[in-house]
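Common to both upcoming complexes is chain A, partnered first by chain B, then by chain C.
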Partner chain A sequence: MRRSLFALVLGLCAAAQALGEVYQTPAAFVAEVLGTVPAPRVLWLTREVQAGAAAILDHPPANLRQRYWSDGAKSVWILEEIGKEELMTAGFVISQGRIDHVRMLAYRESRGQEVRDPSFLKQFAGAGLDKADRLDRGIDGISGATLSVHAMERMARLALYFERRSRE
Partner chain B sequence: MKRTALALALSCAWGVATNARAQSTDEKLRILQQEIDELKAQVQSAPTGSAAPAVPATTISGYGEFNYNNYKSDERPTQADLRRFVVGFHHRFDERLTFHSEVEFEHAVVSKDDEGEAEIEQAWVNYKFSDAMNLKGGLFLIPLGILNETHEPPTYYGVERNEVETRIIPTTWRELGAGVHGLLAGGLRYDVGITTGFDSGKLDDPSTGVRSAHQEGQLANGHDLSVYGALNYRSRGLLLGGGVFTGNTGQNGASNPLLKGVDARLTMWDVHAQYKVGGLELQAVYADGKLADADQLNAAILATSAEPFAAPNRMKGAYVQAAYHVYKRDKLDFAPFVRLESIDIRQQEDPANGLFQDPANHERITTAGFNFWVHPQVVLKADVQRYRTDATKDRFDLGVGYMF
Partner chain C sequence: MPFRLRLARTLRRWHARIGFAALIFFVLIAVTGVALNHGAALGLDSRHVHAEWLAHWYGIRQEQPKQAYRTASHLLVAANGRWLLDGSPTGEKMPHPLGLVEIGDLLVVGGESSLHVYRADGALVDRLDGYALPGVPLKAIGAGEDELVVQTPAGPFSSADVLSWRPGAPKIVAWSMPTPLAASDREAYARRLAPGISLQRILLDLHSGRFLGRVGPLFFDLVAIFLTILALSGAWMFLAPRLRR
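The block that comes next holds the complex of A and B.
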């Protein structure tokens, strides 16, 4: 009995370990969206772009260029932002200046994983930016994941902003 | 003839020089193109970095609030208070093993002659096998109600925390122990574990139910342990959940010898819901607790307390709350709210020994006011509170809260 219980616990742990916290690699996401992984394009963050990004993030962007992938009709942006203590990684697909869909690719906080919930992420589909670079719709939050929800909103705005600047 | 020869020589020399220069320019262009191609390849293959700043292994978080309470009655003093100042330290040992803590200071000054307190609100280690399975150990928050785990001022309405999750569920309620928690498929979060429990020998204030008997990880008597379990379903705008905590509290008479051999089992449970749609936010909590062996608790209190009181034997409370975001633009967010609460703490009366129910422990409270977020993490608050039983608590409150 004890052996069975021990084996069960080990099995559960192994199964849980296998799930991991990285749900999908960026390359796999790009390939899923575009059918292949094309050569990445690069958006250089000029001073002007940096200023716009900083206004969205409430902190200056830490990078000088942002890689993205595009097939001409859609572009894919892999962004990271801190929720409460840790980075989360999300993939944003943008088409004609609006979010086509969003997926959480990695979440590293010990709580708040509910932001992966498809019904939460679905709210971003169709969202664009208004003149002040805010989302043109409200996003219903998730109780207990306030900071992660805010981080997701900032990343969505940043993806749309970067995409617009990449077309200019 | 000499002139012709000279001109020919000059033109040859010019031609040679021009050709050499042309060759040199072509070569330079070729080299430059090669270098540009190499740089392009480097740019495309090199990591582009992240817009987010690098996260150090050790991070700091925090929250706090400054409150002003203006009582209608002269029986209570109007006061401004740095209610709490909390700093959190978190450390990532590796991708799976993390440490989380919060150190809290209350009422600004901590000394022998002041009201302030310094306390460790949380200090626990988490090992993450996956989102679905985490092991934790240390001093951690008990997952009952909404407020106990999510208690940063910008996350709740009202200057003061609601009374149901203060007097019935003793927020901020933490215990030493170990637990398993995680998020299952479909948005269902579970949390189960074994922890230290209450020590009914330490009861000294029935107006807050069993709050005065919680041990907060301070040399906690561990003869009687407790177990807890909670389930919460979260989805877009929706939270439905509940939890239960149960364990004996006699602690083999460690704090009061008359409780040796007395179980005094405490069982507390709650159900809660929250729904946000558009600008509307609705929230409700029902909490219920039973403390057994109240007659023996009364006898122990009578024998040792300078000011005996009837032991609480049943605690229940509920509230409903509605808020509406009437103005939300950029970082500004203004939301009036109203909350109706009911508190019912029943005590084990013993008329022969002068132990009676305190009528103030049946209370109904109406709170109305607003939260005004000037940033999603910084909030200004104002409200009025009316107490049906103890009108001396009627007041006007102002507050500022933050979290990061």
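The block that comes next holds the complex of A and C.
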């Protein structure tokens, strides 16, 4: 019995390690925002969109198509970016060209978990893009999580940029 | 000759000898240290060095590819967490492939828990995992009536755009199956699919001396002692004449 329990605990630890810190699945986030999980829509990254995305990310985008979900009024974008060494996954809800709210769905770095705090994420609410595709407001950094904060800013800009391109 | 003069000469001579002997290691420590300091900006962690001798040096067991997945015009060979799609490497830490399927202009490589979608020229179109799949683990992938079909524990699902799924499968499905590689091909592919070691890890090991194995850190401790001696002897040679004045 003890051995079984020990094996179960070990198994759960290993599974948690493999998954990283997953706080919410993308499907659950989409369902929470839109009430259901509609069929995903696709933004194809043409050369022009790729160039715009690369300018925001400082590296070429990983994929040539970006999935998103929309009910007409709001759209949900699930994006991934490396903070320091590991991918973080964040969900962005955009309405009328501005960020409605942001949620960290998975954070896999060993440090800098503060970027998932609502007090940090609420800074993005209401943010839009200026003419240079930068956020039209400043985001306060977090000591010890500078790279993750920068990655969140890049993802927020990218979500707004993709949303704008999806409407064109 | 006065003792002070003899001491100064001896010190100067040994300062030069130690400096010259340790020159390569000082340069190595300095260069790797600067690179590691800017590791994130240089993307050191995402760059990998592939060489059989390096993998052997690190004690990484190399897997030789034994089989390949083929479509009418494409070929996938995998080993050591790497894929060669039509002869081009596609990335690092890739899952073990279940199959290769061609759907229209798209090429799909299936793993147990992911689908990688490529254009015919090898550009990655999309990567689907978790919530984007109809179920995991995937057991097989195939093609039928211009649709991708995946076999899951809940049964087969089909998709024409590798985006949205419907339960079920066309009547005839050509499941992707591996074909064996010739012995000569195995060796050639093994060389091209040598395991990758991140540049960050190599530089870190060079910087700390661990690249040389167990004795490496001890040797670099010695180099650090030399550096301390150089700093102290240099400071003494600089300050002693000024203090005497």
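The working rule: the second predicted complex is superposed on the first by the 148 of 168 C-alpha atoms of A that agree within 3 Å, B and C clash if a C-alpha of one lies under 4 Å from a C-alpha of the other, contacts with A are read in each partner's own complex, and residues count from 1 in each chain.
Throughout what follows, a contact is a pair of C-beta atoms (placed from the backbone, for glycine too) under 8 Å apart; a residue touches a chain by one contact, two chains touch by 3 or more.
Here the structure is a predicted model, which means the values were calculated and not measured.
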Q. Here chain A is shared; do chain B and chain C fit on it together or clash?
A. clash
Q: Counting touched residues of chain A, say whether chain B or chain C comes out ahead.
A: B
Q) Which holds for A:R65: it touches chain B only (first), chain C only (second), both, or neither? A) both
Q) Touching A:L160, do we find chain B (first), chain C (second), both, or neither? A) neither
**Q.** Which superposed partner A:A39 touches (first chain B, second chain C, both, neither)
**A.** both
Q. Of the partners chain B and chain C, which touch A:L105 in the superposed model: first, second, both, neither?
A. neither
Q. Between chain B (first) and chain C (second), which, if any, makes contact with A:A27: first, second, both or neither?
A. second
Q.
Quick check for you: in the superposed arrangement, does A:V93 touch first (chain B), second (chain C), both or neither?
A. neither
Q. Overlap of the chain B and chain C footprints on chain A, residue-wise?
A. 39-40, 42, 59, 62-65, 67, 82, 84-85, 147
Q: Show which residues of chain A lie in contact with chain B when the two form their complex.
A: 12-13, 16-21, 39-40, 42, 53, 57, 59, 61-67, 79-82, 84-87, 107-108, 110, 113-114, 117, 119-120, 122-123, 132, 134, 138, 140-147, 150, 158
Q: Using the touch definition up top, name the residues of chain C that touch chain A in the complex.
A: 40, 43, 45-46, 119, 123-127, 130-132, 161, 163-164
Q: Mind listing the chain A positions that touch chain C in their complex?
A: 25-27, 39-40, 42, 59, 62-65, 67, 82, 84-85, 147
Q) Where on chain B does chain A make contact in their complex? A) 43-44, 48-55, 59, 61, 90, 92, 95, 98, 100, 126, 128-134, 146, 149-150, 152, 154-155, 182-183, 187, 189, 232, 234-237, 239, 274, 276-279, 328, 330, 376-377, 403
